[in-house]
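Below you'll find the structures, each written out as structure tokens.
Each of the next two complexes has subunit A plus one more chain, namely subunit B in the first and subunit C in the second.
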Partner chain A sequence: MKGFAAAFLVWALVSPQGGGETWPAHTACRDGNLEVLYQSCDPLQDFGFSADQCSKQLKPNLNIRFGIVLREDIEELFLDVALFAKGSSILKFSYPVCEVDLPKFSFCGRKKGEQIYYAGPVNNPGFEIPVGEYQVLLELYNRDHSTVACANATVTCS
Partner chain B sequence: MAPCAGCFLLAVLFSANCKVITFLDPMCTEKEASRTYNCENLGLKEIPDTLPNTTEFLEFGFNFLPTVQNTTFSRLINLIFLDLTRCHINWVHEDTFQNHHQLNTIVLTGNPLIFMAETSLNGPMSLKHLFLTQTGISNLEFIPVHNLGNLESLHLGSNHISSINLPENFPTQNLKVMDFQNNAIHYISSKDINALEQVTNLNFNGNDIKGIEPGAFNSKIFQSLKFGGTLDLSVILKGLQNSTIQSLWLGTFEDTDDQDLTSAMLEGLCEMSVESINLQKHHFSGFSPSTFQCFTGLRELDLTATHLRELPSGLEGMSSLRKLILSANSFEQLCQISAASFPSLTDLYIKGNTRKLDLGTRCLEKLENLRKLDLSHSDIEAPDCCNLQLQNLSQLQHLNLSYNEPLGLQDQAFKECPRLELLDLAFTHLHVSAPQSPFQNLHLLQVLNLSNCLLDTSNEHLLAGLLDLRHLNLHGNNFQDGSLSKTNLLQPVGSLETLILSSCDLLSIDQQAFHNLGKMSHLDLSHNRLTGDCIDALSHLKGTYLNLAANNIHIIPPRLLLILSQQSTINLGHNPLDCTCSNIHFITWYQENLQKLEGSGETMCASPPFLRGVKLSDVKLSCGITRVGIFFLMVFVFLLIILLIFSGKSILRWKYQHI
Partner chain C sequence: MMPHTHLAVALMTAMAFLSCLRSESWEPCVQVVPNISYQCMELNLYKVPDNIPTSTKILDLSFNHLNHLGSHSFSRFPELLVLDLSRCEIQMIDDNAYQGLNHLATLILTGNPIQSLALRAFSGIPSLQKLVAVETNLASLEDFPIGHLKTLKELNVAHNLIHSFKVPKYFSNLPNLEYLDLSNNKIQNIYHGDLQVLHQMPLLNLSLDLSLNPLDFIEPGAFKEIKLNKLTMRSNFNSIDAMKTCIQGLAGLKINRLVLGEFKNERNLESFDKSVMEGLCNLTIEQFRIANIREFPEDVTDSFNCLANVSMISLLSLYLDNLEAIPEDFRWQHLELVNCKFKRFPTLKLNSLKKFVFIHNTGMSTFVETELPNLQFLALKGNDLSFKGCCSHTDFGTTKLKYLDLSFNGIITMNSNFMGLEQLEHLDLQHSALKQANDFSIFLSLRNLHYLDISYTQTRIVFHGIFHGLVSLQTLKMAGNSFQNNLLPDIFTEVTNLTVLDLSKCQLERVSQRAFDPLTKLQVLNMSHNKLLSLDVLPYEPLRSLQILDCSFNRIVASKEQELQHLPRSLAFLNLTQNDFACVCEHQHFLQWLKDQRQLLVEAEQMVCTQPLDMQDMPVLSFRNATCQISKMTISVSVLTVLLVSVAGVLVYKFYFHLMLLAGCKKYGKGENTYDAFVIYSSQDEDWVRNELVKNLEEGVPPFQLCLHYRDFIPGVAIAANIIQEGFHKSRKVIVVVSQHFIQSRWCIFEYEIAQTWQFLSSRAGIIFIVLQKLEKSLLRQQVELYRLLSRNTYLEWEDTVLGRHIFWRRLRKALLEGKAWSPEGTADAESSQHEATTST
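Moving on to the complex of A and B:
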């Protein structure tokens, strides 16, 4: 048992800085019957996000605000979304945000180390969110599969 | 006493001495011994002592160096590449790089620079690339010019630059690339452009250019000019009068407001010479046959995601166009692109169509010179493909139909394109009823991607006629009973050099399954459930790259080691390898042939339990009798002899006493 404790201590000491640290939960939007909370799951850094409107009846082409420091080049950038309800997976999809032959957004091609602030549309379809609580895992990564941003979000719709 | 001694002996005989070598370095990671190191995100305040003096490539981003001066990097005089991204650098003092004669690239992206000393960049004999992206620069005078004579690229994106007017003493004789992305440049004057003597690549993306002095680009030659996200394109096109440009990027973005493109706005193109133009994400306001009248000299036109539902027939000015990109639009039928307007086309890309694309019949028959056709990700469905659909494409060499809806292929399905060299059908469900041979006439085909096509692999005629096939990808297709039998679909393709059979859920491979594939140099069998016995099927192969990662290999018997020795590179990562003495021959072989092995970081023991997760290259087994063992054995034999002598003596004595 002692050996185990010692091993754990060594592991804790040598694991990369920031490992184990958790970032605070933020509110992306809160309005009447919908609340979206998120927390960065990138051990290296937090990021800022908010959506301009927050309603059960999600409008198409939502405007968001997003601020982050890039830790990777984003000439190519992909988004993975996984949606869970009550612990079971409902939906998973992957969406290319920036590609070499189609940089959809003006921030595509920004360099590692740049700070980005994006305020604009996200080109989402409109849909109605059914009542319930959902967990959403969002991951932004580049061509080498290096994490650009990672978020654990909780959507509560009443 | 005797059983105990026996146990002891057994223990000595079978004891395996195990030694695990672990290497922990919480600091920088070594990417290439004594040359390349990554020290990012470590919160370092100085160059760590662990870095060798010989370091040439150093990634040091996201650390803490508010001041850099001549002592900061003084030890690392061999540096060629230095990345100091976001290190909170405020000051770059005099002679910081004084002794770094070989330094070729300095990255200072994302540092809040307050001041760079006059001699701060002196030292390097040939500084070629300087990144000053997002460093708060508002005036180009900020950049110390003393040692920039060899500079080839200067990156000044995301600053507060409003004028590209270079200081008079700024050396530009070698400067080829200048990046001004996301600044506040609204006006470009003749003087500005004249100062950029040799610069052939200019990036103005994300600057809202409102004016260009007439004649500023007069008789200038550029390789690449980018004006992405500009509000009014006519300003740019008028300003570029009489210039010669190889590639002109005028696309816009999802988040940029722009005016609809009209024929009048594109008129400026008549006054310049452009080879390739990109107009991605623009809206065209009404199409007339004359919209492209000024595109006559154009070789490449990229209209990706330009909201097109059709192109009118009889478009003028497109007769010399070679490459047309119509990806991410919403055509309903292929005939709606009015292919007859582009008679010289050699490359056509319509990938990621946002609606279900109907291939129709003979829609591309006027494109007699077409060499490359990409129709991937376009929701194409065709129960009987592809002769009517691809009629008259006799010169076609590359065809991409991957990521579509199910296609039904009959015998000789690509008879219309007999010159095909590459055919990509990945992730498109293919209906081929046995014993048909859809690729029958493709004698020149070299590359065929059939990954995840849900093929009927029991059809032995499926690949008939592919006389010159070099590269075949069958990733993700299943075989009957999980086994590749002696007679299989690979029989007709004897010229194969690369074969990918990964994730095919294979359990076994017949010893004769590959017997006709003598030219193979790359075989990927990863992500199956194969055991060591499958290596038997490779006995006739030599010098092959062999990927057996993520299978079910426990033990590799000694007789198969010879077959592995014949190959050039082998990957055995992620297998449940046995690290007991019953696999000792393989483990010894593995450690003697480490230079042949790929992914040795992931090649680990699965048993016995106390060695689980240990790298195979770190395991030390000794399965013979050790010196201690021999000593004890001799003692044991000696004791046994004494025991026998004594017992013999006592038996004899007992006998004599009873005579």
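Moving on to the complex of A and C:
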């Protein structure tokens, strides 16, 4: 009991308030031989994400669901994707999601403080995921380069 | 066990209490601009903080727990211009909550679950221009108490629960309203009466966004005679019928810009046909845009028939195949095709078209000649197109082109020098691969071109006439290319009007001395990300107007000191960061110059040393010249010391005997003897004795007194007596000059034998042998004693060379000085004894 009380005390004093905590890992999808886990790397917030299909044979224009409360206006929104395997970088690219004059998605132009929920396709090509473990770093940021969302995903394919 | 449980419970309670206390944070807000702008986002605030200056103009209180805004909540901040209350859990806003904010221009209330909004909630903000009430549970515009906000320009009530499009009466009180965002609400029907206010009080500049409302029905005539600036209706319709009905309901609308279509992620229309577009015939449209329609009809002529007279048409993310069919007499002046899919490049024939923007389209591979006789502006960016021959007026069917953008495409083969395109002012070829750019002066006809971008076109510049003809060029961007031998040659001879030049990432190692000579108007020069090893200033000297020079990310170690003064006087910014500066004394003048020019340098603090190792990553400006002075001092002092010591050594060596004299109390005496040495020699060797021995010893320093028979023997006295009396008795030493003649001379042998006896009797080691010439051993053996002595004792050998003589005389002088009396008393004794001796003789 004493040990428990002491541990509790230490936890209570040490546990940070507000920022600084790491967010729990969530499962985006899990199937027989494919598992996608993700963790928010934005110190300000966690978010929800899931993919409709979960198979080794990735279909083009995959449907995803994504919910978040915006910390920034997203009149302009950019996505950076970096793919790593065994610690070395394989692929890196940047993609404009929202542009001022050409809002492709319904969430483009949404305001700071607004809750958005996106359910729809991603503009991805179809391919078969090779067996292995991959780390994917996804970062969404706006015109001022302020982070809108950030995720560290682990894809395990067996 | 019980007391432990009690303890734990007590602890937990205490912790819970403490964590409750902690939930109200005292963290200060972030000061963005002192006294002007403060950011208090997500600080767990339960009330408006009171530790912020009253002069604050921009206040961000978003993501806090304000819950309830009472009256005069912000009266402490009368200067406020922008107030951000996004997601503050505000449920109630009382009367006069913002009272006193006379300058407030922007009020943001996004994401607050407002349940109670007092009638006078927005009173006292007479300057408000922008009100954002997105996602605030707003059910109706009618009840929104903003009727008195006469200055309001922008009202954003998107993402709410508004069912009715009825424009409230108070809109007649908002003459400045330009933007009304009603997107993502619940509006289904629009009736004639809804727009009554706009008939009475037209808002000609109003842009209206109705996207993402589930529109079913618009009563025909509702928009009749209404004039709007812009109407956006994207992803509004669940069926093609609803869309058709609503578009017909827009009949009579006069609009500058109409935007229709869907969003990529909100596609509800299963099909699309030309009948939808027929409704547009009843509208007066200036500009039209349609986006993301899944199945756009193939018969484009019919589809766009009602849009034949619009001046601008923009088609985004559509599948289009038959654009060629568009009749020549359509009055389109500006056509935009973005992100569309084509089977081949559309060969349009449109006489009216002045501006054609065709970017980020897919599905084609080769550019095909078009016939657009009035085209002035052509952007063909990012289509992966290849151009088999570029470029002349026949490619585009126009001679009026002023703007041409072929960037981010495939291979562009240059086979014509823009013949017939002399009007061109702007040409962008970046990130396309230029072929045959070195074969001839490809830009020769472009005498009106102001702007040229050939960055990253994989061009290796060999031909020096590549820029010939560009007499009006003001901006030249050619980053990411390369040059023969990595040397920038004299290629700018005709581009004398250039003001901006980008040569970054060109792998340049050197710059030709005269490369920049013609560029007297150049203001900005970017030489960054090259491989320059030194800051060669001389080539930049002719750039009389240069203001910005960027030499960052090179390998510059230093610069020649004498050249630095040649830097143009007009220069205001010099970027030398990310170079390989050597912070060594060798370059101290350059480093000192950097310090002196600090106000010129961009990010001077970021300039770090790479050499030597102990200075690595230290700021270049921290290099202290004093360290060099110290070492210089040390070097000069040590050199001087060595010099002095060696001079002293030489002097001591040279004046050894003078010094001995000085050290020996200024004067040396002869002791009890009159002579320093008695010289025994053969008369055959008299020449040597007179010319060498006497001269050197009696006239040198110290002067020795020799006893010589021809001079010092008293006449009239027997030779033997003279030898003993004058020679041995009065001399300290005996010098024996051994030579062939000496051994053969009887007198000499006699003298020598007496000397030996004398030496034995007076027990003085005083015989100095000088061997004048090499002796025959057989001859020497005749004189057994002498032979023995010479083979056992050290003797002086006469050598007639400069060095030999020097050593000989030194050794002899030393030998003669041995046993000399130095004391003054000694001198006195010697004088008296001399006196005695004189008297006794």
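Keep this in mind: the second predicted complex is superposed on the first by the 139 of 158 C-alpha atoms of A that agree within 3 Å, B and C clash if a C-alpha of one lies under 4 Å from a C-alpha of the other, contacts with A are read in each partner's own complex, and residues count from 1 in each chain.
Going forward, a residue touches a chain if its C-beta (ideal position, glycine included) is under 8 Å from a C-beta of that chain, and two chains touch if they have at least 3 such contacts.
Worth saying up front: this structure is predicted, and the values here are computed from it rather than measured.
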Partner chain(s) touched by A:Phe93 [first = subunit B, second = subunit C, both, neither]: neither
Which superposed partner A:Glu114 touches (first subunit B, second subunit C, both, neither): both
Contacts of A:Leu102 with subunit B and subunit C, given as first, second, both or neither: both
Subunit B and subunit C contact sites that coincide on subunit A, given as residue numbers: 17-18, 44, 69, 71, 102-106, 110-115, 118, 120-121, 123
Touching residues (chain side subunit A, partner subunit C) in the complex: 1-2, 4-5, 8-9, 12, 17-18, 44, 69, 71, 102-107, 110-115, 118-121, 123
Partner subunit A, residues of subunit C touching it in the complex: 1, 4-5, 7-8, 11-12, 15, 18-19, 22, 25, 41-42, 44, 62-63, 84, 86-87, 108, 110-112, 132, 134-135, 156, 158-159, 184, 211-212, 234-235, 263-266, 291-292, 316-317, 338-339
Residue ranges of subunit B in contact with subunit A within the complex: 24, 26, 41-43, 61-62, 85-86, 107, 109-110, 131, 133-134, 155, 157-158, 181-182, 205-206, 228-229, 251, 253-256, 280-281, 302, 304-305, 325, 327-328, 352
Subunit A to subunit B touching residues, read off their complex: 13-14, 16-18, 44, 69, 71, 101-106, 108-115, 118, 120-121, 123
